[in-house]
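After this come two complexes, each holding chain A, first together with chain B and then together with chain C.
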Partner chain A sequence: MTSKIYPGETLPLQKDVNITLGPGAYKNPITQEIIPVSAGLLHCKTNKKQTNQLVYVETKSKRYIPKLNDFVVGVVNGTLGESYKVSLQEGSNNVLLSFMGFPNATKKNRPNLKNGQAVYARVSQDVSEIDIEIECIDPTTGKEGGFGVLDESGFIFEVSLNFANELLFNSSSIYFEKLSEKCKFEIAIGLNGKIWIKCGEGMKYDDNNELLPSSLNDMKYTVAAANYLKNCQFISKSQIDQSLKDSFKHLS
Partner chain B sequence: MHLKTSTLSNFDGSAELQSGNSKVIVSINGPIEPKPKQELPNVCSLEINLHPSQGLSTTRENLLVDKIRSILSSLIIKYKYPRQLISINIQIIRSELDSIIINNFENSPKDLKIFNFELSTILNCCYFALIDANIALYESFISIHSCIVNKQIKLNPSLEDLIECGSNHIIVLSIKDNQPNKIIFIDSKGKFSEKELLDVIDYNFNSAVGIFSEFKRLIDIKIDNDFVWKN
Partner chain C sequence: MSYHKEFIKNGERLNGRKLSELRVPEVDIGQNGELTISAGDTKIFIKISSEISKPYDDKPNEGILIINNDIDNDILSRIVEKSIRKSNALDLESLVISTGKICWIIKIDLNILNFDGNLIDYCILGIMINLLLYKLPNYDIVDNSIKLYNLDEKAPISLSILHIPICFTISFYNPSTIEMNLKSDEVFEISLFDADKQEEDLRDSYMVITLNSNKEIIQLSKLGGIPINSVEVLKLCEICYDKAKEMTQWIKDVVKKEEEKTSDRVKMLAAVDQR
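The block that comes next holds the complex of A and B.
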C-alpha cells in the first residue's frame, strides 16, 4: 500500500502488533506518538500472521545520513591515528576506516591507501553522537566480499539517494539490463548516492598520467553509461530506451 | 501561489515561492559538518542567512532571522541530527518594499506596520525547502498574513493595505491531519483590541484548511516529479 503523506499526520497503525519504524518515521520520546517526519510515499506492510507492521516513508534526498550495514563509496581524505578519514559526501563529516578494517590486515601488514583513492565499504557503526566507522570486510565470511579499493580506471558520479537505493536493491529494475545491451561494465553502487562505474577495461594511464589511446573508447563508453544512469532518475520507464539511445548515439 | 522545488542543484534542498508580489528563494544544506563553535553535543544547530532584495542586510533582517530561527527550531526535530549543522539561506528576490526605500524601520509607527511584510512568504517558502531537503519536521506548518482594514479582516494584504490598516498579524499554525493544530507564533503590529486579535485567530483557523490543501497540491506535484522513474 502506498499513498502520499506529510509531516505530523496520523499513521495508519494497527493496534497490538509489533511496529518496526523505517526511515521517515519517528517516535516522539515525550508524547510516545509515532509520526511521519517527511513528505513522500508512505509504505505500510503487515506480515501474513498480522503480528508485525513495517512503516517507512520513501522520499527523495540528496544528503546521506550513514546507517548500519549500508554499502557506500567513499574517497580517502587523510589519516587520523590508526584510521583513514573517508569522505562520503562533500560537506558531511568524514567517517573513519580503520587500518584493521581490511581482510587479513595486521599491525605489520596494513593496506596502503593514498589521498583521493576510492573505496567500497560497509557502514559498521552508525551512532551519530560519535564518529561513524566503515570497513571493507564482509561480516558473514570475514573475507573481501566485493568490498575494497576501487581502481582508478573507473568513473564516479552522483545520483539522488532513493535512486541509488533502487539500483542497488531492486533486482527487477531494468536499467542495467538495458545498459548491458550496449557495453560490458563493472559497477559499485553506494547508498550515499555515489556510483563507481567502469566500462570495458576502463581508463588506463601511462607513467606521465596521460590517458592511453587504446582506452579512449572505453572512456567514452564509461561517460555515456554514467550520463544514461544520471538521466534515468528524471524520466519515466517508457523513455529509458530513448535515453539509452541518446547517450550512446555518438558511439559505434 | 507559484512554487518551484529543487531549483538550485548544488543544494540539498531548495524552493522558490511567489506569493502575491513577493518572490523568495530558500536553499538548505544539511545535515552537514558544523564549524567547531557551532557544534552542539546532542542537537543540530541552525545557521540562517537572510539577504534582502536590495542592499545589505540591516538590523531589520537580523530581527527577522531571530523570528525565523525561533519558529524553525521548534518544528525541526533537532535531536535526529546531533553534532550537525543545518544551513538555511533565504534570498528575497522581489518585494513590494522595493518601490520605497526605508532607511530605518523602527523609527515611525508607519514603518513598523510594514516591518513583517515578507515574513509570511519566507516562512512558507522555508516549509517547502525543508520538505525538499528531507529535514525531519514534527508537524507541517503554514504562515498566514492578515490585516484589519475598516474592521474587516483581509488575508495576504498588499503594501497599501498594510499602510492603511489598523493592525496586521502574522500567525504560524501547525497542521495535523489537514486541520490546524497549534499556534506556533503570532506577531502583531498596530493598534488592536483583544477581541480583534481573537477574531483574526478564528478567521485564520478557518482559512488554514483551504490554504493547506493548496500546499498539499504543490507537494503532491513535487513528489510525483521526484518519483517519475517509478512510472
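The block that comes next holds the complex of A and C.
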C-alpha cells in the first residue's frame, strides 16, 4: 500500500504488532509516538502472520545518513590509527573501517587496501555523535558473506538513494531481469547511492600494465549498463525496454 | 587507471559525447530578469536587477555593474569579471542618466543550484542571454527628478550590448606519464570540451578561453597543470572560434524567440486595451 504523506501527519499503524521503522519514520523518545519526518510516498507492509509491520517513507533525497546494518559501497580515503577512512558520499564525513573489520584479520594479518579502492561493507555503528563505523563481516556467520574489497575492474556510479533502495530490496523489480538479456554482470549496490558494476571481465590489464584488447568491449558494456540503470531512475516502467535499447544501441 | 581515462584515450567519453561535443543547454526564462540555465545536471539561476544610484566619483560617466555569486570561488568570479565587465560587453556609459549624478546600477546575482561540471561557461552564457533580454524601465527627467514609467505606459529600454563573449573550458588529459609529457614532443595531450563533474575531477589541467564572434580573444587563462604545446593552443583557439560563431547564433535565436513571445503578449494587451 502506498500513499502520499507529509511530515507530522498520523501514520496508519496497527495495534499489537511489532513495528519496524524505516527511513522517514521517527519515534519520539519521550512520548514514544511514531511520526513521519519526511514527505514522500508512504509504504506500510504487514507480514502474512500479522505480527510485524514495516513503515517507511520513500523520498527522493540525495544526502545519505548511515543507519545500522545498511549495505554501503565506500571508497578508501586514507588511514587513521588502526582503521581506514572511508568516504560514503562526497562532502560527508568519512566513516571508519577498522583493520579488524575483515574476516580472519588479526593484529599481524592485516588487510592491505590502497587509497581509492572500493569496499562493500555493512554499517556496524551508527551513533552520529561519534565516528560511524563499517565492517566487512557478515555478523551472523562471522565470514565474508559477500562483503569485502571491490576490485578495480568494475565501475562505480551514483544513483539517488531511493532508487538504490528499490534495486537492493525490491525482489520483484524488473530492471536487472531486463539487463541480463543484454549481458552478464556482477553488481554491488550500496544504500548510500553508489553502485559498483562489472560486465564480463571489466577493465583488465596484462603484466606490462597494458589494457587487454578484449577488455575495451567489456568496459563499454559496463558503462552502457551503468547508463541504463542511471536512466531508469527517471522513467516509467513502460519505457524501460526503450531505455535499454538506447543504452546498448552502439554495441553489437 | 580509471574507466574515464581509458575511454578518453580511445577517443570516447562515458557520457556518450564526442571529445569536442558540447551539451545542449536549456534556458528557462522567467520574468523580471530571472533566468535558469541548465546543461546536464549543472543548473544556474541568474537574476538581474537594476536600481538608480550615483556613479563612482572617479568614473562619473559610467554606470555600475556588479556581479555577485553565492559560492565563494575566486576563479569563477574573476573569469566572469574579466569576460563580461572588463571586455566591455555591457556598455556602461549608456547606463548614465546624468553625468556624475545619476546612473543605473545593474546587479547580476548568480545562484549555483547544482554542479555537474563547467560552471564558468554556463554562467557566462546565462548572463549574456539574460543581459540581452533585460529591459530597463523608461524614464524622463522632470524638474531635476526622475520619473520612471510602467511597462505599459512607455516601452522599456534594452541594455546596449556591444558584443557577446562566449566562454569555453577545455580540459586536458595526459595519455602517458608526466615525465614523458615534459620531455617528449610526440606525446600530445587529449583535449576535451565541456567536461562534466567526473571528467573535471580527473583532468590534469584546463584552459578557459573567452572569445566572441568577431574573432577577438577576450581572455585566456590556464592555471597550472601539465604544459601544453603552443601550436595546440592555437589550434584550440581556432576550434573555439568556430564554436563561438555557432553559439552566438544560438543565443540570438533564443533571444529572438523570447522577444517574439513578449511582443505577442504586448500586442494582445494592446488589443484588450482597444476593446
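Following the convention adopted for this analysis, the second predicted complex is superposed on the first by the 215 of 252 C-alpha atoms of A that agree within 3 Å, B and C clash if a C-alpha of one lies under 4 Å from a C-alpha of the other, contacts with A are read in each partner's own complex, and residues count from 1 in each chain.
Convention: contacts are C-beta pairs under 8 Å (C-beta built on N, C-alpha and C of every residue); 3 or more make two chains touch, one makes a residue touch a chain.
Everything numeric here is computed off the predicted structure, so don't read it as measured data.
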Chain B versus chain C as contact partner of A:Met219, first or second or both or neither: second
Partner chain(s) touched by A:Glu9 [first = chain B, second = chain C, both, neither]: first
Chain B versus chain C as contact partner of A:Met203, first or second or both or neither: second
Which of chain B and chain C A:Leu80 touches, first, second, both or neither: neither
Touched partner set for A:Phe155, first chain B, second chain C, both or neither: second
Which of chain B and chain C A:Leu68 touches, first, second, both or neither: neither
Partner chain in contact with A:Ile174 - chain B first, chain C second, else both or neither: neither
Interfacial residue positions of chain C with respect to chain A in the complex: 1, 3, 6-7, 10, 14, 16
Contact set on chain A toward chain C in their complex: 155, 203, 205, 211, 216, 219, 222-223, 227, 250
List of chain B residues in touch with chain A within their complex: 12-13, 29-33, 41-42, 77, 79-84, 131, 133-140, 174-177, 181, 216, 219-220, 222-223, 226-231
Parts of chain A lying in touch with chain B, wherever the complex brings them together: 4, 6-10, 26, 28-29, 35, 37-41, 58-63, 65, 91-94, 128-129, 162-163, 166, 232-238
